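Letters A, B, C and D name the chains as they come in the text, with residue numbers starting at 1 for each one.
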Amino acid sequence: MKHILYLLLSILLVSCGTQKENNGKLKVVTTTTMITDLVENIGGDLIEVEGMMGSGVDPHLYKPSEGDMTKLANADIIFYNGLHLEGKLVDVFEKMDERGKSTVAISNALDKSTLIGSDYFASNYDPHIWFDIDYWTQMTHYVTETLVKNNPENKVAFEKNRDLYLEKISALKTELSDKINQLPQEKRILVTAHDAFNYYGRSFNFEVVGLQGLSTATEAGVKDVQRITQFIIEHKIKAVFVESSVPRRTVEALQAAVRAQNHKVKIGGELFSDALGSAGTDEGTYIGMYRHNVNTIVNALK
Amino acid sequence: MGTKIAVAVDDLTVAYNYKPVLWDIDLSIPEGVLMAIVGPNGAGKSTLIKSILGIIDPIAGSVAIYGKPYTKQRDKVAYVPQKGSVDWDFPTTALDVVMMGTYGSLGWIKRPGAKEKKLSLEALEKVGMLAFKNRQISQLSGGQQQRIFLARALVQNAAIYFMDEPFQGVDATTEIAIINILKELRKAGKTVIVVHHDLQTVPEYFDWVTFLNVKHIATGPVKDIFNDDNLTKTYGINYKVAVQQ
Amino acid sequence: MRYARKFAVLRKQSLLGDAISHAALPGIAVAFLITGAKDSNVLLLGALVSGLIGVFWIRGITTKTHLKTDTALGLILSLFFGFGMLLLTYIQKQPNANQAGLDKYLFGQAATLVESDVLLMVIVTGISLLVMLLFWKEFKLLLFDKNYAMTLGFNTKFIDGLISFFIVLAIVIGLQTVGVVLMSAMLLAPAAAARQWTNSLSTMVILAAIFGAFSGVFGTAISASQNNLSTGPVIVLVAAIFVIVSFLFSPERGIIFKQIRLIKNRRDLQLKKTLYFMYDIVRDHDDISRPHAIRILNSFQGFTKKTLSKLEEKDWITIQGQNWSMTEDGFETAANLYNNNLPES
Amino acid sequence: MSPMIDIQLIATVTAAACAIPGVFLVLRKMALISDAISHSILPGIVIGFFITHDLASPWLIIFAAFSGIITVVLVELIQKTGLVKEDTAIGLVFPALFSIGVILIAQNANDVHLDVDAVLLGDLVYAPFDRLIIDGADFGPKGLWTISVILVITLVLLLAFYKELKISTFDVGLSSALGFSPVILHYGLMSVASVTTVAAFDAVGAILVVAMMITPAAAAYLLTTDLRKMLLLSVLFGVGSAIGGYWFARWLDASISGSITTVLGLLFLIIYLLHLAKD
């Protein structure tokens, strides 16, 4: 019986060798929607970009599908966020890199000492780096350099795309700064469900308060709810925000607690934290997503 | 009847939860008897056997099998547990269960071979179950299951057999078959100790009896001690009801 | 709702909560696939339906095959969840940003309970309490002896289905309000603790409800005392302490009292051994209070001066110089020493 | 070797390594222990992280395995008191351990992405990319090696102690009367099961491990009345579903773990319905 099994196995396993199609274009695989957007902007039609995660996917809890294996195996370059954003995948990429496969953590572009680190565990950083537009600029440069290194014949085109994109980004920054400047300093308080907006807060002088920690395993405590409720009342905060990837009820509970003390706070809208909006919409791009977040925040807190 | 003492129980005391189940039992069983242990429900009959076999730890006292502790004499002892103590849905056949009786003499790691299989088949034949050797054990009737257990004990080829209510839930044919085998065992010089419920059949089946009700009441030849006095001491004044049951 | 949960424990399906929390996933996924929106009521309905399918399949496996309950629970738990995961990877590929957090969406946290949750819980508790009171006798019978219930002409399928429905409803609402882990723990721990203190079903249900409520109150209070103390897990740990305390200190079944009783029994045994020995001597005489010399006891193992004075303390014997004599009380006790199991066991 | 073959090999070997202890877990009414372990490893991981400060450290997995064994020991201790039933003991232990883990994170590491998913739960898709490199030479996926070593150990133990495992599972009383300590065998089996569980979590993820332990054994249990055949059949079912599930996933472009589990589920459903029809 065992022999038949082996025979069957070997037939099954080998009969379908991978066929690698090659049209000469550089194959790039990206993890999160933000990175996909960035790489597509720079690479344009010159490279083939495949994003692993779709819109609305929490990179931390991503469940890969069979096709991802082929994507990873056939990729020439893999761009990922790093800083443990993609959970276990980050380990995999680091090991692939040791073996000479070109995997690039875009967070490597940044000076680690400027990152927001953990209070207790110094070598662990907040991975939501895309909310800092200056970081995004640095990472744009880094991605371009990497692409150029791997595909020097398209150097000129890549750099042209980069310059175009950087222009858009700096325009975005100016636009958003203007928008945010409508908010007086004392109103710049962002209350959300989990700690994803620290870089955003640092960039635009917001105080950021999250009900829950970074880990998806933790839960809030009663004291945390009370503390933040008190905080909202004291600072007369007008609105709190829901995140697309965190259950709405967490924030609704906060709202109810405030209401119980005869104060009012509204839910200011839904922010995109770990992923962009639906593909094809404005919010499906980094720029659109950022604009949406800022507009939502400013309009609600004004 | 031999003069040697097969099982000696000294000052044995066992407590489940908070209630003592056996109190201060002193008991010697001579070699070569076919003995019933009788007593009311909760008298500690099964517990006595289990603590002799080291399945239950006593809080005081000691047990000797032919003068040595049980752990040194495992090969001299066979045990037939109560039918309900195992899961009969277990995926195994009658023959396989009987073969388990040979495991003790094999020790760790060694697997049963042709010799063990032959012994087991013989035992199955003796209990009249050879035709069922490849039957899954859940497909056997209660009586047949009990015979399988008996065959398993026979395979152990021990000097002393302990049986926990072998007649419980079996049909009349099986009961007679079992008691005939037990009588054969006694003829062969083995000691057979049976937890027994049915007082009426004691004089017919057994030649030796132990009365037990938490405390040891009496042990001796059935013809000498199976009398109203001991029955009253064991079962209380209503023992006649117990006899008629 | 807590009442409904207690039945889960009695039916040897104490891990049903965990199983249902996993089995709900495909229902949530399908509900999302159909509506394309994260409306919690629709998702709840999906969870309820797939939870019910899971429970009925568990019931089918345990009654119609020889597989045991734990196997059935494990099967449903892993197979349903795995299928749910398959659906999730399918959803992941859809360009719909709404899907974010779908697999966690239904799972609440104890700290974020809101009024409407409490209201929902009260309503469901009220209904299940009402149903339980109506069918109390049937429930009890069914739990104790299903076949007997059938012979009495009760529609066991209906009662069974009713219990299952309320268990699933309670679990799904529990999931939505307090989360998986607290749910699993609260299904079990209070009942396991209550079981140690009583043998009666109704007392146990009431006691379990009290333990559950206390765990909730204490847990919330502790969690409110300090930052970053997750409410749900704290409640779980408080309930765990209830269990540990019950295991250790319950007077009937508790481990410590069992040990104490064991030691006491051992001591008692020595004492009673001596008493019984005396009784044997005294029995042959007409006058039980006739004095005997202490020295005749010396050959007896376990006899000490201390046991003698203990016996005197209990008024079982009196000592005069080098003699002892048995009292009426002592005689009585000795005579009944070994019959005491009859009425109790 | 292509990643496709790697994945199928890992899935196959894991299926076999899980099916063997799974058979005994099902027979001993301890089927839920693997699910309990999937929750109760959290405090182990958290403490491992507090010591190493590194989310990728292999120590986290070792601590996880350790808390798996603690789970088993605690469950056994509670069962031994005789105060509650087997599965209740499991249900009391894992929420408590998990809660300790959650509170530890909330108290000390709220600003770190620390959870079971990120640290321990692998996925078959990733498995071929984590390779064993010695002196620059590629010896294939690391997960394949780990789980193969476990499979070999399991097989050796099974062959050596088959009769002891059988007797102590079937008849505890006789087993101890014959001198085969049921306690030693129980802890031996449970240790193998929990180490296999944790190692397999790393390679293929939690839910697939639970499914691979229980489903093949349960399906085989409905078909055969012979322990040896039950072991063989469940290995066969596990391996078959692993390969079938892979191709199903390829066809759907879906989660491999999810689709192997689904194939296992369909297999069980068919056998269950056949069983019902037979009666």
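Rule of thumb we're sticking to: a residue touches a chain if its C-beta (ideal position, glycine included) is under 8 Å from a C-beta of that chain, and two chains touch if they have at least 3 such contacts.
It should be emphasised that the depicted structure is a prediction, and the values quoted were computed from it without experimental measurement.
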| item | value |
| --- | --- |
| Chain C and chain B - chains in contact with each | D |
| Taking each chain's C-alpha mean as its centre, the one farthest from chain A | B |
| Whole-Å gap between the CA centroids of chain C and chain D | 27 |
| Whole-Å separation of chain centres (CA-atom averages), chain A against chain D | 33 |
| Distance between chain centroids, defined by C-alpha means - chain A, chain C (Å) | 46 |
| Cα-centroid distance, chain A relative to chain B, in whole angstrom | 72 |
| In chain B, residues with contacts to at least two other chains | 138 |
| Chain A, residues touching no fewer than two other chains | 61, 63-65, 213, 216, 218-219, 221 |
| Shared interface positions of chain C, touching two or more other chains | 66, 85, 88-89, 93, 228-230, 232-234, 253 |
| Each pair of chains that touches, named by its two labels | A-C, A-D, B-C, B-D, C-D |
| Chain A contact footprint on chain D (complex, rising order) | 2-5, 7-9, 12, 42, 49, 53-56, 101-102, 105-106, 108-123, 125-126, 128-131, 133, 138, 232, 236, 239, 243, 246, 249-250, 252-259 |
| Chain D to chain B touching residues, read off their complex | 27, 160-164, 166-167, 169-174, 176-180, 221, 224-227, 229-230 |
| Contact footprint of chain C on chain A as seen in their complex | 53-58, 61-65, 213, 216, 218-227, 244-250, 252-254, 256, 272, 274-280, 283-284 |
| For the chain D and chain C complex, residues of the former touching the latter | 26, 29-32, 34-35, 39, 78, 81, 83-88, 90-92, 94-96, 98-100, 102-103, 106-107, 110, 207-208, 210-211, 213-215, 217-218, 221-222, 252-255, 257-262, 264-265, 268, 272, 275-276, 279 |
| Residues on chain C engaged by chain D in the complex (per definition of touch) | 9, 12-15, 17-18, 22, 60-61, 64-71, 73-75, 77-90, 93, 181-182, 184-185, 187-189, 192, 195-196, 228-230, 232-234, 236-237, 240, 243, 247, 253, 255 |
